[in-house]
Amino acid sequence: MIDKRVRSLAEAVSGVRDGATVLCSGFGAVGEPVELLNALRETGVRDLVCVANNAGTGDEGLAGLIKDGRVRKIICSFPRTTDPHCFEAAYKAGKLELEIVPQGTLSERMRAAAAGIGGFFVKTAAGTQLGEGKETREIDGELYVLEQPIKGDVAFCRADRADRWGNLIYRKSARNFNPVMAMAAELTVVQVREIVELGSLDAETVVTPGIFVDRLVVV
Amino acid sequence: MIDKRVRSLAEAVSGVRDGATVLCSGFGAVGEPVELLNALRETGVRDLVCVANNAGTGDEGLAGLIKDGRVRKIICSFPRTTDPHCFEAAYKAGKLELEIVPQGTLSERMRAAAAGIGGFFVKTAAGTQLGEGKETREIDGELYVLEQPIKGDVAFCRADRADRWGNLIYRKSARNFNPVMAMAAELTVVQVREIVELGSLDAETVVTPGIFVDRLVVV
Amino acid sequence: MKPLSRRQMAWRAAQDLEDGAYVNLGIGLPTLCSDFIPQGREIVFHSENGILGMGPAPRPGEEDKDLINAGKQLVTLLPGGVFFHHNDAFLMIRGGHLDVALLGAFEVSEKGDLANWTTEDPNFPPGVGGAMDLAVGAREVRVLVEHVTKEGRPRIRKHCSYPLTAPHCVKRVYTNLAVLDVTREGVVVREMVEELDLEGLQALTEAELRLANDWRRLAAPEV
Amino acid sequence: MKPLSRRQMAWRAAQDLEDGAYVNLGIGLPTLCSDFIPQGREIVFHSENGILGMGPAPRPGEEDKDLINAGKQLVTLLPGGVFFHHNDAFLMIRGGHLDVALLGAFEVSEKGDLANWTTEDPNFPPGVGGAMDLAVGAREVRVLVEHVTKEGRPRIRKHCSYPLTAPHCVKRVYTNLAVLDVTREGVVVREMVEELDLEGLQALTEAELRLANDWRRLAAPEV
């Protein structure tokens, strides 16, 4: 029987190694798996490379990991979201490496990892500082840069409802990076508001099919 | 006011030029916009390059276009589906050029066009006859081929329900190529079973947002 | 000479959004435009975080913390609006599906280069968000910005001095003094506020300006 | 010697599908496997046309023409099953999300090369479908095929004579005579039917065979 439910947050975040690449979903605080990231912090894991849109808000979740010095590097499109003081302190102290990636490229690079794509050409960042050092190519008279996939060792996501197979449904703009991150990691861990009976989610409206999900925990 | 409804099949298919690249959705007959393709046949348009998974079934839809000699070339993954006699006759008579593309590559090439991707590397077809002549690259010890986007001048699609903004919902496995083809053409024309009041489709469950749709016709 | 207020600038830019257009409004000043859509026009606003058909801020008591825009402000959804994931949101942007991206800027060059993501201030960590994607992906990129900085430095320049967001992307610039088009023949003044002449505007602009034959006065109602 | 029937071959392959596995069954013989999943195991069947959790053929009166598998046969959906579009279906395949693809074949080479898409018969137009995607994308590719052709020609060869679907992809082959693993050291016989010895099997196989130390008899119930 397929049952992806685990009993605790501690079990949900177990097995993440030091130095792991961690996909942290959310757009600011919306859709962020705060409780999972808080639980990850308690494991003592360190030297993490976190991939996220922002670099944490307030003192919890990703911000908490940064505050405790668990994050070696953050790959994001826009570090400063609402109340970014943990990020700012770590960055100014030179304790956090920052890699800025355009938001669409960030998302597409994770999708590439999810889809077995070894690299792809896009116009975004061509002819700019963020495109420097990347292979370029002129296609139909326009300049493109070659972008590489980003694969996570683990993805932490948040959904509204799930079933024991791991099928997920989100809520409004809290969907954001969750579906693409859920696809793009070796291990995908999801916190959900509610787990419903198998067969009670509408087959037409599931956004993330369970094939992408490894662990579910109700928060 | 945004209103993508047109009054007739003839209006829906108007403006397709000779030689156009036409994305024809469906997997066999399921999800095929048969009535739109029948109406296209009546316009007398010719020299079409059709992109589809199969090369038509029976005597209607894509098969009918082939039967009438309107299709110069077909780009597909598997030409012979149920009752492929129109394709077989045209192919054997040397009247139809055939390009075989792996099904996932076919889909991904259209998505690339939809997503502003100028090319992408995949393992599929590397080291095979279908990969010959394509640029190759070794990535992490594995051979990849570079694939190009396929953009349609027009896409013909089929959905179950729509609203006047062009938001679409499909039915079961009739979804298949419809969402990707709807995104990948200059002009997207969709036949639907029913058009409902704006706001009555659930915002969480629309599969194809109206931004990709230009014309709707009820069949 | 009376420069437009920020709300008047937003009003002016909003007048050019056509019925049925799919539009992304950049964070800050451009976001204000949604308040000034002429009656009878349906504009579908896109947000990078997965919304089409975004509506205005919620009324008190109707806020939903899961419904925010790219600037992380609470918003609403119009009838016909839909949600999707980030990857589809950027497919729309990068694949040329948006009619207009209306963005803020630090600088715009006479070739339409846009600089709006970093001033390279070492005390201010950089962040690009979706700016580069919007600049290369939207069918038409327009900029809404004050004509000069607080220090009086022209924003419309021969060359951008800040790092580029994208080269050759801006088609039109709305400022508090003028409406300008970036053309192959250089920057063309379409509209100027009352009591301003080309010489006066040129003095506040680094790029060389040409006056359109059919130029008009830039005026906006009190909004 | 008693070769397995086609249904027995499918039964044998089905025994190796583990509880919880995500599996794509190729058109034809592999499709039969879904009838023989051992009790108590939940296997999630994937179909290229956008289904996970595909169930058996519908009972009479319950057919839905919009619910077909990749072979275009009518099927059903199990509780927990979901629909998605073609692009996501192939993202799952190509991105390494499927545990097993169980495919038919014309030929398999001793290096695990697979040929299953064209015989280059000029009277028979080619078609590849999703075969190449499955061959490169699934975590494990297994083949289910009769040991020799109707004409008695071995299908397990030193080199494939037909155009490849993908090089170096097949891990295990189930035939009507044997279960074989493709390893770095060549093709290893894991199971053979009663009254067949390595010599007898080698005579029907072009690739050089080695017998596993722990080889067993291949047997299947009457199914």
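Letters A, B, C and D mark the chains as written, and numbering starts fresh at 1 in each.
The rule we apply is simple: contacts are C-beta pairs under 8 Å (C-beta built on N, C-alpha and C of every residue); 3 or more make two chains touch, one makes a residue touch a chain.
Note that the structure is predicted; figures quoted are calculated from it, not measured.
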- Which neighbours do chain A and chain D have in common? B
- Note on the structure: Neighbour overlap between chain A and chain C returns B
- Note on the structure: The pair out of B-C and B-D sharing more C-beta contacts is B-D
- Message: So the centre of each chain is just the mean of its C-alpha atoms; given that, what is the distance between chain A and chain B in Å?
- Response: 33
- Query: Approximately how many whole Å separate the CA-defined centres of chain C and chain D?
  - Reply: 56
- Note on the structure: Here the gap between chain B and chain C, centre to centre from mean Cα coordinates and rounded to Å, is 35
- Query: Taking each chain's centre as its mean C-alpha position, how far apart are chain B and chain D in Å?
  - Reply: 29
- Item | Interface hub residues of chain D, defined as touching at least two other chains | 77, 83-84, 90, 94, 136-137
- Residues of chain A that touch two or more other chains sit at 108, 111, 115-117, 122-124, 170-172, 203-204
- For each chain, which other chains does it touch, given as pairs? A-B, A-C, A-D, B-C, B-D
- List of chain B residues in touch with chain C within their complex: 1-2, 111, 113-117, 163-165, 167, 183, 198-199, 201, 203-204, 206, 209-212
- Per the touch rule, the chain B residues reaching chain A in their complex are 108, 112, 115-124, 137, 139-140, 142, 144, 169-172, 202-205
- Message: Under the stated contact criterion, what part of chain D meets chain A in this complex?
- Response: 19-20, 22, 40, 42, 44, 46, 52-53, 77-84, 88, 90-92, 94-98, 136-137
- Item | Contact footprint of chain B on chain D as seen in their complex | 47-51, 64-68, 72, 77, 83-87, 89-90, 93-94, 118, 125-133, 136-137, 163-167
- Note on the structure: Residue set of chain A touching chain C in the complex reads 27-28, 30-31, 53, 76-82, 87-88, 91, 98, 100-105, 107-108, 110-111, 122-130, 170-180, 207
